[in-house]
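The two complexes that follow have chain A in common; it is paired with chain B in the first and with chain C in the second.
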Partner chain A sequence: MGETVIMVSNVRRVYKTEVGLFKKTKKEVEALKGISFSINRGEIFGLLGPNGAGKTTMIKLLTTMLIPDGGTISIMGMDPVTQHRKVRPHINFILGGERNLYWRLSAYDNLAYFADLYKVPRVEQKNRILELLELVGLEDVAHQRVETFSKGMKQRLQIARGLINRPDILFLDEPSIGLDPVSARRLRDILLKLNEQGTTILLTTHYMYEADELCDRIAFIDKGQLITVDTPENMKRQTAGLSIIECKLTEVDAGKMEALSRLPHVRHVKQEQDDMITTIRLQTEMPQAVIPAIYQLVDETNISDLAIMQPTLEDVYVQLVGGHAK
Partner chain B sequence: MMRAFMHTAKVQMGLSIARPMFKFVIVVNPLFLATLAFFIYGGSSPERVFQYVVLGSGFMALWSSIVYSSASEVQRERFYGTLELLFVAPVSFAAILIGKIVGNMIWGLISMVIAFLYLVLFFRIEVPAVQPMLFFGSFALVLIAISVFSFFLALAFTLSRQTNALMNFIEYPIYLVCGFLFPITILPDWVKPISYLLPPTWAIELLRRATDENATWSQLALPFSFLLGLVLVYIGFGYVCYRAVEHKARINGKLGVY
Partner chain C sequence: MEAVQRFFRHSVLSYKALFGWLDPKVYIFVMVLNPFSQLLFFAVLVNYVYGGEGLAGYIASNALLLCVMNSVFGIMSVITSDRGMGTLQLVMSTPSSKAPLFISRSLAHVVNGMFTAVMGLLFGILLFGLSIPFDALLSLLVIWLVSIFSACGLGLIIATFCLWSPSMHMWSNLLASLLLLVSGANYPLSVMPAWLEQVAVFMPLTRGVRLTKDIVNQGDFSQMATLLGQEFLLGCLFFAISLVLIAYAEYLARVKGTMDLE
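After this line comes the complex of A and B, so read on.
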């Protein structure tokens, strides 16, 4: 096991807001309720959880943007609360979406500006910027204004910006949000390449296959609490004996869905609508008993496909975080 | 630090002038302000015309550019999603804010020059033979004073999300309270203490005295001393406020919310 570079111990964070114009009432939202985990040098660590789980708050605490209300954080042996000026040159972060760049500047000028903000020596700047633009495939549009870029190009430029200081630790908050499959694949390749070069990466994502492919370890958090931390492989082992029946239907109504979820041995049902086809995923330990029951409930002519599959990380997530959703 | 500061000023100048509203504030607005000031004071003595029309409209142009740029720049960064990036960059956030202020100050000076040339060329206003040392020495202090004052506004806007309202609220009162167009002696007594606490009041008074052909150091001593004193107080207070704002922003967690 490598050296621990991030140590989070019993961290709490509360957001306080005031509501009302004249008679103000204070409202408190506890975003993190005592979370602990550690990350080793050279790891890709995934922070997964539903919206509002506290993932972005955790990233902001680790990147010195916020101060915790309780607990301690250590980044490379430094306290980001009191030693934020020492921590900042060693880290960088990338937030998902199209913002976080100067759209009226060119890609090159954006990177040149951030290079100065991160105190990159002028003699190194030009080569480093060109290297980064090449890494993210934007070398041909280096001098074009960012406002002319597609979402994927802006996202890639953000990656380049996040690497301008060659950070020891890179934080990414939902970096692939809104990207098309090709751009998302390219992003994953870049992250793997960076990791091979020794960069420690902490990322949050909603995409389970992305976390499964990239992360050495994953933490599931929900409602500000840590559910579990483990490798994707170990997590999937937790579902040993569990099978997934994926069934594509041309027609299904709410009553039949309700009946499917009430079938004996079915632990969870997930429904996805895609144009004319409804895909349902049933978690069960006894597929041989469930499949005949599906045929009894649903008209055979409505079933366009049916397969038994191994559980994915998404199924583990559903079991741990959304298990109550049956 | 110096490279980041200079680069911020350069980037800021480019970003500001790319906005149509800012172009209007820098190029067209001074012409309106200068015309307005000339219609008020056109019939006065040449000296008074220079002091209230040229300096008054020039200061209004400078102030507008500051209000619509340096002060509101924080809000714009919030909207771009770059405020958080600037805040956690290894370079001090204060250096970035001051770089922005200097960038916009240069545009403000250009705006002043536009107002000046317009008045001289179109309204044939006489330019007094100023004493260079006195005038440019005073002018340098005035620019420092305005920068320090802008820094304060930028700090306030770092914490507040109501920047647009504040920005529109403070533009015109400063014209009046600081005596850009009228001497502050005509203001109600309860307003005057506020005027005396604001650096622009002493800044314009200093320049008015410095443009007197027969000005001496002793005549400038009062506004110069008050302005210098206020600048030092504002710098000291600004440092304390900066530390507090830096800490408070990390507690509030609203730098990315607009």
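After this line comes the complex of A and C, so read on.
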């Protein structure tokens, strides 16, 4: 077990807004309701949860952009509330999406700009920028304006920007959002390479396979509360005895879906529509009892594929965060 | 030395990144033709009203007023463009000191404002066949530099309002109109209501306009040191206030979570 570099203890954060011109109504939203966890040096730690769970708020608190309303945070032994100037040289963060870069500047100039802001000595700048551009595969377009880049290229440039000060801890808020599978794979490879070089990484993501592949430990949060923290392997063990029946149907109506979800031994049903095929995933402890029931409910000529699978991290997530969805 | 180089590099790169009028075609339309048409309008107007008396002074002071394009709209972009691009929170979260950062960002606009004003004066000289002595021109350059620095300071104060208010166009247009109104470039300050005359005392460019007219029309340099000193102090005060406001906005953003436009 490495040294603890991030310690979050009972952190609360409330957003207060006022609505109305003359008769103002105050509204309070409790984004985080007393969250505690810790991250060790060299870990890749995933923060997972649905929209509005409090993931981005947590990242902003850890990156000195927000002040908590309660609880304490320690980054490498420093308090980001009172010692934010000392914390900032040791961290950096990357936000998902295409913004957060200067589109009118070239890739090189974007990095040079932030190198100056992080006070990287001029003698080191050139080599470091070229190294980073090579790491993210943008060395051939170094002097091209960012506005000509694809979304994946912009995202990779953001990674390079986030590494310009060689941070000890890198925060990533949904870094692969909107990326095509090849770009997302490339991004994951870069993150693994960084981690091998010793960078501690905290990332939020909606993609369970991404978290499963990258993270040493994962925290699920929902409605501002921590649900669980563990390794992906241990989490999947929580579903021991659970099987997933994945069934591809050419035709299914709402009535049949309702009937499927009411079958005995079915704990959860998830439906995905992909062109002509509807994929349903049923969580059950007794697949041998559920499969005949499926054949009874659905005309077998409509079943194009049926398989029994091991639960994935997504199934654990559904069970813990979205278990009420049945 | 490294810090000084960094200061100037930041000035150039932030100008390129945030102002966005480096495309020659756009620059000519926005930063040359637009100010020149404004200068031409006021030159023709004062020529008609005053029958050509003191025309050189009016044209020179209107040329100085062309810096408003930079000292208001350019300076506003120092904060609003950053906020709109989603980069403001990244910049504010870096370990760099924010005071030199925003001063270096303003520097490019002081230089650009000078360039626009000098171009405007050359345009006026060529169009109306004016003759201005060389020593007067050198003094004008110093006066304008200090005046534009001061105007950029006020512009930065107004730009910080954009960290609270989404109505950036309202603020920028209000300030641009106010600078035109109380500068005294097109009529003597004494014809304005007394309270407005008092407002003019605390506004940038007013002293610059007065000195420009004194020097160009009468060759009178007697008030130069006093008024220039006042204008410089006013500019320093404006920049100091704007830096305090930026620091407060940064703190408020950490409390309320409002630094970026999401």
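In this section, the second predicted complex is superposed on the first by the 326 of 326 C-alpha atoms of A that agree within 3 Å, B and C clash if a C-alpha of one lies under 4 Å from a C-alpha of the other, contacts with A are read in each partner's own complex, and residues count from 1 in each chain.
To be clear about the criterion, a contact is a pair of C-beta atoms (placed from the backbone, for glycine too) under 8 Å apart; a residue touches a chain by one contact, two chains touch by 3 or more.
Predicted model, so just to flag it, every value in this text is computed and none were measured.
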Based on the shared chain A superposition, would you classify chain B and chain C as clashing or fitting together?
clash
Touching A:286, do we find chain B (first), chain C (second), both, or neither?
neither
Quick check on the superposed pair: does A:15 touch chain B, chain C, both, or neither? Answer first, second, both or neither.
both
Based on the superposed arrangement, let me know which partner A:65 touches: chain B (first), chain C (second), both, or neither?
both
Which residues form the common part of the chain A surface touched by chain B and by chain C?
15, 57, 60, 63-67, 85, 88-89, 93, 95, 97, 99-105, 109, 112-114, 116-119, 122, 161
Chain B residues within the chain A interface of the complex:
3-4, 7-8, 11, 14-15, 18, 80-82, 84-91, 96, 247, 250-251, 253, 255
What part of chain A is in contact with chain C in the complex they form?
15-16, 57, 60, 63-67, 85, 88-89, 93, 95, 97, 99-105, 109, 112-114, 116-119, 121-122, 161
So, in the complex, the side of chain A touching chain B is made of residues 15, 57, 60, 63-67, 84-85, 88-89, 93, 95, 97, 99-105, 109, 112-114, 116-119, 122, 161, 165
Per the touch rule above, chain C residues touching chain A in the complex are 2, 5-6, 9-10, 13-14, 16-18, 20, 22, 85-87, 89-96, 101, 253-257, 259
